[in-house]
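Naming follows writing order (A, B, C and D), and every chain is counted from residue 1.
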C-alpha cells in the first residue's frame, strides 16, 4: 500500500534558480528564503519519499500557444530541464514512473477531466527549482516524478474549484496505487507577485497570509475567490496558487502544518515555503 | 443572432480522400457513398452556412503521443491540411474564426472542461475529407472553421457522456454568439470499422442502425454503452461515433433528419452520411 | 484478447487490444518513427536504409524484427498504434485490405469477400 | 485596466491585462518569436540582426516598434505574454526589477524600495 506522506509548497521563481546556479544560498539577500528549507530537508531525510507528484505551471518551455493545455500529465520514463532563455539548464534528469502516471490519467479521465497525456516532456523551472531546493546535495534525485501542469499562462484559466477537484481525483489515484511507495505531493509557484503591466511589483501580504493560514486547516476557504479575483488579489503570477490548491487537495483531509517560511522580497515575489505532513505518514 | 442551421454527419476514411484525389466519385465502387451527399449539397446551396464547427479526431497529423489532448479546440486564423504519410495534401486553406473559437473556449472552461487551446493547427483527413465531400466544386471554402478534436487514439478516451456534455457546452456558446452567422455542425468518422488486430474488418450493421435510428430522435440512447463497449460493438475505429455524439448534442433538441445514406463496404468501413436540420433553420 | 487499464476498468474484447497506457509505454519508439513518416523525405530515408532509420529512432529489437518481417500483429504487440502504423503501411505498399488480410490470416480476396458479406445500402430521406 | 472575455465574464483589474484570447490573437507573432529564444542560437541570431529576425517571425509594425523602443508596456499592448517576453528581456539584459521599473515609471532603486516597503519575514514551526 502506498502512503501519501506529505506536501511541500514552495515558490519557484527563476531568480531562485539563478541564485542556486551562482551558489548564493548564504548571501544575506537569499538566505532568508533558502533557510526555509531546513525543516523540509530534515523531513525528507526522515521520511525518504520515493515519488513526487508535482503540480506546477509551464512558463513556455514545453508548451506554447499553438497547443496550450489546461491540464497536462506527464507519463514519460524520464524528464529533463532545459535552457528557458537565460542559459541555465539544470543537468540532473528526473526519473519518471509512467505506470503511476497512467493510473492517475485513468482515474482523472474517469472523473471527467480532460488531460493532455505526455509521454515526452520537458519540465521547466517550476519543477527544477523546487527539486534543487528540496534535494540540494543529491547526486541523483531520490524520487520518481509525476509532473502535472496547470495552465496559468493563458486565460481562461481553470477555476480554483476545478483545480481542487483535479487534486482530489489525483489523490484518489494515489491511494488506489498498489505499489508501496511513499509519495510526496508538491505545489509550486506563488505567492503574490506580478511581473507585467502598470501594476508590476504588486504584492499582497494579507492575501498571502490568508492562503497560508487556511491551506492546511480549511483549504476550501481558498475557493471563495474566482480565478480573476485571485489575479486581482495576488497578481497575475500570484494565480499560481492554483497549483497549491490542487496539491493540497491531493493530500487529503487529515494533515498538519510542520513549518512555514515567508519572506519579501525575493526577486519581485512574496516567497513562501510550507511543509505539511499527513497522519498516514506518522502512523506508517 | 446566430443560427445553428443543422448538422452533417459523415464517415471520413482516407480511402475516400484517395478516391477524391483520383476523381473516382462515379466509379461503381465509390458512387453509392458519394451519392449520399446529393441532399447535403442541395441543403448547403439553400442554407448557405457561414461557419462549420467540426467535431473530429486527429489521426496523427497535428498531435502525437508526446502531448495527446483529450479535447483540443482550434483558435487559429487559418488551418491547413498536409501530407499524412500517403502523399495527399488537399491544397485549399480552411479560414478560421478565432473570435468564435475563443467564445467556445470561454464557455467550455466555465463549464469545467479542460481543452487544449490551439492557435496554430493542422487538420487531418477527418476535417479535409468531409469538407471536400460537402463543397466539392468550391474555389474556396465558403465557411469558416472551428475544429474541435476528440481523442479516439489513446485510451482512456473520454466517455460518451463527456462528449455529449462537451457538445452541449459548445451548443450554448454558439447560441450565445452575437454574430449573425449561420452555423453548420459536423461530426465526422465511423461508422463501424476496425483496422487492426485479429478482428480487423469487424463491422456491425445492427449497432450502426441503432446509432442512426436514435441519433436524431433519442441521442441519449447512444450513451448507454461505455466507450469500451462501443469499441467492442463498433470496432476500435468505430469509436469515432464519439464525434457524432458531441456534434449531435451541439445541435440542440429540436431537429429532424433530412437524409441518411449507409453503404458497406467503403474501404474497410461501414460508411454513412446523415443530414439533420434544426427547426431554427426552418424558421430563420 | 486484451486487458485494458487496471482494476475495475479491465475489459476483454475479442481480437482487439485497445491502445492504452501499457501499449503506449511499450510502443513509443515505433510510433515516434511512424509519426515521422508524415514527411516525404523521411519516408524516402526509411526506404533507402531501413536499419539505419530504425536505429535512429531507437526501436527495440522486438519492434525492429516486426518491421523487418512486415508482421503487423507483431508491430501491434510491440506497442504500435494503428494510426501511426498506417503511415508505415503506405511505404510498404499495403492498403487497408492488405492489412486486414495479413492480420486475419485470410487472403486479400477472402478478406474483401468477408467485407462484401456485410454488403448493404440503406438510403432514406430527401434524395432526388 | 482591462476587459476580459465577453459578456458576464468581463472584469476590470487595475493595471493588469490578463492574457486572454483577445491578447493571444493580437500577440501570436511576437510570442512565437520570443518562444524561439529558448534556444541560445536563436538568441544570438536576434542579437546579430534584430530586424531580420523580427521579419522572419512576421511581427506586426506595432510589435516591431515596441521591441525597437524596448517599450515593455507597448509589447504587452501588442499582445506580448509576459512568460515569453521574459525570454526577450534576458537578451536585452533586463532583470525583473528593471522590467518593473520600466513599466511603472519608477527608477530601479525606487522600484526596489517599493518591494522592500512590503519587507517581512514570517517563520513558524519546526525550525532548529
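The definition used in the following text is that a residue touches a chain if its C-beta (ideal position, glycine included) is under 8 Å from a C-beta of that chain, and two chains touch if they have at least 3 such contacts.
If you're wondering where the values come from, they're calculated on a predicted model, not measured in any experiment.
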Higher-contact pair (C-beta pairs counted), A-D versus B-D: A-D
Centre-to-centre distance between subunit C and subunit B (centres being mean Cα positions), rounded to whole Å: 23
Separation of subunit A from subunit B, taking each centre as the mean of its C-alpha atoms, in whole Å: 38
Numbers and ranges of subunit D residues touching at least 2 other chains: 5, 9, 20-21, 24, 28
Residue numbers of subunit B (touch at least two other chains): 65, 105-106, 110, 117, 119-120, 154, 156
Overall pattern in which the protein chains touch one another (line/ring/star/complete/other): other
Pairwise chain contacts, counting only pairs that touch as defined: A-B, A-C, A-D, B-C, B-D
Sites on subunit C touched by subunit B in the complex: 4-5, 9, 11, 13-21, 24, 28, 31-32, 34-35, 37-40, 43, 72-73, 76, 81-88, 90-91, 95-97, 99-100, 103-104, 111-112, 114-116, 118-128
Residue ranges of subunit B touching subunit D (in the complex, touch as defined): 75, 77, 98-99, 101-103, 105-106, 110, 117, 119-120, 176
In the complex with subunit A, residue positions of subunit C that touch it: 5-7, 9, 20-22, 24-25, 28
Interface residues, subunit B side, partner subunit C - complex: 14-15, 32, 35-36, 38-39, 42, 59-61, 64-65, 82-87, 153-156, 194-203, 205, 209, 228, 231-232, 235-237, 257-265, 267-268, 270, 275
In the complex, subunit B residues that touch subunit A: 63, 65-72, 105-106, 109-110, 112-121, 154, 156-159, 162, 165
